[in-house]
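Below are two complexes that have chain A in common, paired first with chain B and then with chain C.
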Partner chain A sequence: MTGIGAGLLLHTETGTGLLMQTGIGVGLILQLGLGALAVVTALLAAPSVRSRAGGILSTLIAVTGFVTGLAAMLGSTGGLVIPIALPMDPLVLAPDRLGGLFMLIVSGVGILVSLYSMSSTRGPDASRTAWVAMPVFLVGMQLVPAATDSVSFLLAWEVMTLGSTVLLLADHASRASVASAGIWYSAMSQLSFFFILAGFAVLAAASGGTSFINLQAIEPGSAAANVAFVLFLLGFGGKAELVPLHVWVPRVLPEAPSHVSAAMSGAMVKIGVYGGLLVCVRLLPDGPAWWGIAIMLVGGASALYGILQASVSSDLKVLLAYSTTENMGLVFLGLGASMLLRGYDATAAADAALVAALLLAVSHAAFKSTLFLGAGAIIHATGERNLDRLGGLGSRMPVTAAAFGIASLGAAAIPVTSGFVAEWMLLQSLIHGGRQDGAVVSVAASVAMPLAVAVIALTAGLALLTFVKAYGIAFLARPRSPEAADSREVPYLMRISLILGALAVLALGLLPGPIAALVATTVSRDPASAVQAVGLGGVSLPGIGAVLDPIMLVVLSALVAIPVLVAIIISARRYPHRTVDLPWGGGGSRARPRMQYTATSYAEPLMRVFDDVLKPSRDVQVTHVAESRYLVERVRVEQTVSDVIEIRLYRPVLNLFQRYGVVVRHVANGSIHRYLSYSFVALLIVLIVVSL
Partner chain B sequence: MNATDVSAIVIALVQVVLFVLLAPVLIGVIRQVRARIEGRAGAGIWQPWRDLRKLLAKNPVRGIDSSWMLRVGPVALVVSSLILCVLLPLVGTIGFTLVPSDLFVIVSIMLIGVVALALVGLDGGTAFGGMGSSRHMTVAALVEPTLLLSVYAFSIPAGTSTLSAIVETRMLSPELIISPVSVLALVALSIAIMAETARLPIDNPGTHLEVTMLHEAMTLEASGRDLAWLEVGSWLKLAVLLGLVSNLIVPWGVVTDFSVLGLLIGVVTITVKVLLLGVLLSVGEIFLAKARLFQVPELLAGSFALAFLAVTASYLVA
Partner chain C sequence: MFENIYPQLIGLCTGSLLLTSALMVWRHSLLASIRLLALQGIALAALVAVIGIAEGEVEVIVVSLLILSVKGIGLPWVLSHQSKAAIKHVQESPRLNPTAALLAVTLLTILSYVVVSRVVGLGNTSTGHAAPIGLAMVLIGFLLLISRRRARSQLIGFLLLDNGIATVTFLTSGGVPILLEFAFSLDVLLVVLILHVFTRRMSTKFGGTAVDQLRELHD
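After this line comes the complex of A and B, so read on.
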């Protein structure tokens, strides 16, 4: 036990020591202790063993968090009480079931990332600073869902943000884009933090306390609650990458080292979701109808905008980053729908929508961290993240290809992966939400539900295209660059982590019943009537009357596949295949790898369809042969898609600040006389005001 | 295992066998009708069967750079279409209790085939394959909202998204079939299915012309049994979707209570319905030209509007 942990132990024993005795308290202390140990180790360890030691300790932190979270989700109570001298409620870390679920998600991603980072980090990614920040980041993320009062929540939140910012900046010296990403990230994180702080401040002022129990006493329809709701939506929406606060995502996630992007997208973003749930389910449940509609609007807009940007992106990590916005949009869409439906007493559909939102969050943690780790493996092997220069990696990196493929299926919501079950449940709750006992619940719901279904359907369709593009262009066909042609499979620890992630995607998809039933206990007042497990791991929604058993689906597919396979085996015995250089030469017999479709050309039809939304800028330069204008020597096409929201919404504000900055420079020109006179004027004004 | 499960298994088995036999004939009929109307003799309705026999008895030729996807993709497409045969209410509405013919499950299974085909198109590493794959996925992405919303509209009167329950409801209360909501949804669904199965006016199944190709471009690099599976998979998909539409329009004849006689009637009626719809499709396609690729989104947007109208109308009017 190191200094910090022992100190906490002491405090707790002198304070309200009873909570400490439970397993949860021990787990939390252990996490803090391991975190401190990891920081010290990172500071002291030699560079050769730093990654190994840091990775092992980070894995231990994550495993501890996983066990603690699981215990909390299963209903164990207890935690840590940290008395403070300030005149407010003590800091209490005691995760409830919902908090436990999110600790589980965060630390599950933490395990994958820690294992991976042991062998993936090199150069600046493995610096002392980076390995100090890693445990801080992990512990911070795990403590946010454990907090039961606003002060410890905000403290843990800032620890998490600090850790992630430092990790992001690991490679700032060699790449200018990292520095710019760091500024965007810090600014947007602090903006989020400001909104959350303001939200808690409003609630605390209205309730007279800082602990969540005090805050719960506030009437959800009151003015204070409404103001706080908007502030929280802005704050947590920023962390959860929702439109229009997502602008940091396409800069930060691609620039961070891949294991950090995986942790940010897989885990940290979920903390934003947890914040949303904390407000809408725990602190201010049963809010007015417009809350639900507002969240649905923000969620739907994020889902569509995110996937549109992802589908036309050729940078693998930008694509994954925007797709995170899409997935979080769907989570919030589910949350909003459940709030709206609960307002109309459609309890069964509301519960199903909420559980679906949580399942989406869980499955997103699994598939998106696997995808980011897979992208990291591609970068590790080729140094490229531009899809237009990849290709043919499937035969060169089979494990990465398989893991990335399974995770892509999850992201595209194809059976039998986790993403499919979650989206299925969300759609079921939506189509059953508009009516109850044959009567229409409300006009708002009967317009909102079909619109939401349409948004999810379009999102799912575009996600399909996006991930077919990502997988097909990167792993199939022929290599488009020498780097891709020379790629090799990554080291075994990275492979293990990828395999674990892919297995999680499959397991969550094959056994949705028990998992959904467990998840339902964290939010539902009557979990058994919301979700039940049936058959071989299947899921049933009793209030809606929908059943799905993925394992039975697999069995059915296996049965119908048998005759096909028999026919193939017989045919293959008699007529073995021949391998030739280029069998049919579709598109010309002298086809070169450069003539293949690239990611950019793959998304071109879509770009044309959504031209008005995406507003791409295209530049075509044709060089003619000197002798004749009709012969072309070369054509150079350049196309960039910029973030419309960033240009329209953020640029004007930034320009305003820039101009303000230029003006202010004249006022503060470095002259000490001028500064002294400013202080004098300020003092005068204060004295005048006081004397009035 | 109780009686329902046994009858579900029997019906599933019958559906699979029937549609595997029927799908090539359906394609043969569609092509033959078209040929006759155009004044050609045509190859006869058994030609697709002969094509299949020929393809399965050839040595497939594969490129060095092609991966396992060229082998597995076509099989995945066939299996996904076969599962559609098992799950959809074609001969009978008695389904498995644990895997009902749920709308969203059906659509997702169809998407497995869509993805498999798109990946096979990319795997060859040629310009044509990529082009077909890209267009195919763009259309698939844009069709998805129409597809889901139109069946959502059907699901509202039945109170469930299970297709067999929807067919049963329409059989019990036939006035639903000719209600405006149902007609709107049916038109939208038909357009979506035309797009999903690469028929006119979205794609021209009878051409290898570069500017018009969608489906054919993806199968160019496949040969022998790889090509055979791709063809069978696509034909099966067309056949079962036509079967679904015909059962939504004319639900009678479908087996709801299991009996051998009922099963026979079910088999005969669905065969007649699918073939008739095939003839209608073929005749209809004579009068259609392929829409320009970039007009397809407009067509799909129009069908989406119809489907959306159908859903909201059935909430607010009914």
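After this line comes the complex of A and C, so read on.
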């Protein structure tokens, strides 16, 4: 593993100006150029063509990024060198294989989102500001994985954050909750940025340079590396929605326009994961054991907390937002496990865990962006995102229902989808990782691995419940509100991007072998010994001795299922179905939508089990009939689940700041004389001090 | 002949600069302050002219003419452009009483002498000896800024501060290139014009220009 961009730097020592080295360089220049063009177009275009033009240019940006990322992942080198006047290393954009993979993920989501937004945006979502911010956001995200020095990394990071903040605020005028979400998002992303900046500053001070080659020279066990690791974990963990820095997620993702939530959850969050990989795999590989354990703890806690909150939520987008926290938790769990195992020389299991984490990131990008786009389609059709008021959309919006269903299977990690492959591989590496050649590799690993397996098992079970609820309540049964009953299928461009997303979920799940082998080349020192493709797109882990071949599985189960299905169909023909209205209704037909399960009632048992963790607040109001106390006219139940971490951890800190703000108001009371006096006194003090 | 009276001329000019500054703090009438400012501009121009003649540089003499036209005539004219009658009635009620203000002026002058002699040394030249006057003018200008309530009086404090900076420049380095000086002067003129318009709008909108009543920020 050579230094990132090292060859490029050597090539361009003598060069000046903006250099186009190779195809990658041309790709990066094209992305920047298209981004600028898209911004200008959004500024100048008439409202009637703005969405169309902006969407086409955004799609082009994403396609360019996709091709560039693919080339970089397949091993092309090259990029851009941007010399700067400041006394530090030049800005170099040159994605390596790992960067290429993440550029691919981000721009893949970008393609879906751009296609979708072309016809989904209307009103404030299609404003000039929003369409200026969209390409800025996309280009920023696509350039972060290309950066090979801390300055350009931070620059691209800030561009990405700026673009997403503006996009989030699109609808601030009509809903107050958007403004509050905007404040939370800005504060939390600046906090993340601060931690990352501090982390890079510590490393740069210790190594004497800002480029990643210089930073790689630092000894991972040194004090500077330890401090930087903690700072990076806080910074990138905040972006990757890990507990306890996830508080912005349940506010921001639901309030943003749906295509923006899809881009944030599908792509931007992955940049946080990329940051984690950059630190743990590239800059400071082979760190001490506690790094791995810390990441596993944070990841495990996030996975459990995220899926618990998701399982009891009845707001579709809040549910998806919390589920993102869960998935990112699992990704970091895999990363931590791989670091821990690598420390004990269990290389095969470590590589498998790392590849599993990456596969999970890839598949999460596919299914979560499809799910958010599907939620957007539901909102587009009904204006509702409360599951308790949806229902019966399956027959009214068949394409959306199918895409959302496939993506839900992925999110619940059911076979033949991408989520299953990733979680299977993660479990394999965790189960086999604790032992090597029959001997226990270490006490820490043999304690951590079974615990991690338990966390994944619980998470997978809850995820299944969550997505059965999300799909079943929204798409099956009868509509629970007139809006749901009147819904109609969304325009064709939105359908196309939903179908593309669902196809990606299936492709990743049916052909895991080649994909996993390709992903393994981005991180593993010896990819062939870690992961191999076998059979019809199957995956094999030679170091562990596990094989998974989904297509064979499908063929086998089809061989079993087809005779059974044929038998059922024949018998159904022989004995036709007798329709009886409501056999238990005593002859009456009084089945009303209100008799169905709702999202809240479906999750009620879970709420009971996890009452102590979730601490829901319930409010039951019973209105009696005036004549008799024994007859009830109506019962109104209101239940809210608040974020425990927000109340216990964030509120006290925010209150402290509030009090500080009130005190400081006396010092800065708006009087210009007072401000002038401050500077006058400061000047006098400086003069007196220098003359002493 | 000129060599003999040169130190006295420098002393006269800088002395009148300091005197006008102190008087500006003492007087409360806006009209008087504007007249003192004009006088100070003329003294500053004279100082520059003296330095120019002593060093035999035509450029510096041209600069002195520029200063005379901008600081001696232009700025005071802009400030008193409003009807004289209106200005006559404007009486400042400062936040500092005259005795305390004059005492503060004394202390600030002493401080600037101490600072300059400690930090850069006074040197042997007569201009070097006079250099603390410039710093004192800067500090007195600042004092005016924080002790005056009305926007227009604060403007005078700002101009006094600017004159102080110019004085320091000419006394320590013999002046700046003519182009820079031209740019500075135009800058100050522009600032004053803008603030003047601003003050007018303030008095038409709020009925007064007392800055300390403007506390609340609005979108």
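One rule holds in what follows: the second predicted complex is superposed on the first by the 650 of 692 C-alpha atoms of A that agree within 3 Å, B and C clash if a C-alpha of one lies under 4 Å from a C-alpha of the other, contacts with A are read in each partner's own complex, and residues count from 1 in each chain.
Here is the rule we use: a contact is a pair of C-beta atoms (placed from the backbone, for glycine too) under 8 Å apart; a residue touches a chain by one contact, two chains touch by 3 or more.
It should be emphasised that the depicted structure is a prediction, and the values quoted were computed from it without experimental measurement.
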Is A:687 touching the first partner chain B, the second partner chain C, both, or neither of them? second
Touching A:462, do we find chain B (first), chain C (second), both, or neither? first
Please indicate which partner A:88 is in contact with in the superposed arrangement: first for chain B, second for chain C, both, or neither. neither
What is the contact status of A:645 with respect to chain B (first) and chain C (second): first, second, both, or neither? neither
For A:671, is the partner it touches chain B (first), chain C (second), both, or none of the two (neither)? second
Of chain B and chain C, the chain that contacts the larger number of chain A residues: B
Name the residues of chain A shared by its contacts with chain B and its contacts with chain C. none
Complex interface listing, chain C residues touching chain A: 95, 111-112, 114-115, 118-119, 139, 142-143, 145-147, 149, 211-212, 214-217
Listed in rising order, chain A residues that touch chain B in their complex are 311, 391-392, 394-395, 412-415, 420, 423-424, 427-428, 431-432, 434-435, 438, 440, 443, 446-447, 450-451, 453-454, 456-458, 460-462, 464-465, 468-469, 471-473, 475-478, 534-535, 538, 545-549, 552-553, 556-557, 560-561, 564-565, 567-568, 571-572, 574-588, 591, 593, 595-597, 601-606, 608-609
Parts of chain A lying in touch with chain C, wherever the complex brings them together: 669-673, 676-677, 679-680, 683-684, 687-688, 690-691
Residue ranges of chain B in contact with chain A within the complex: 16, 56-65, 67-69, 75, 78-79, 82-83, 85-87, 96-100, 102, 104-105, 108-109, 111-112, 114-115, 118-119, 122-131, 133-135, 137-138, 140-145, 147-149, 152, 155-156, 159-162, 217, 220-221, 223-225, 229, 293-294, 297, 304, 308, 311-312, 315-316
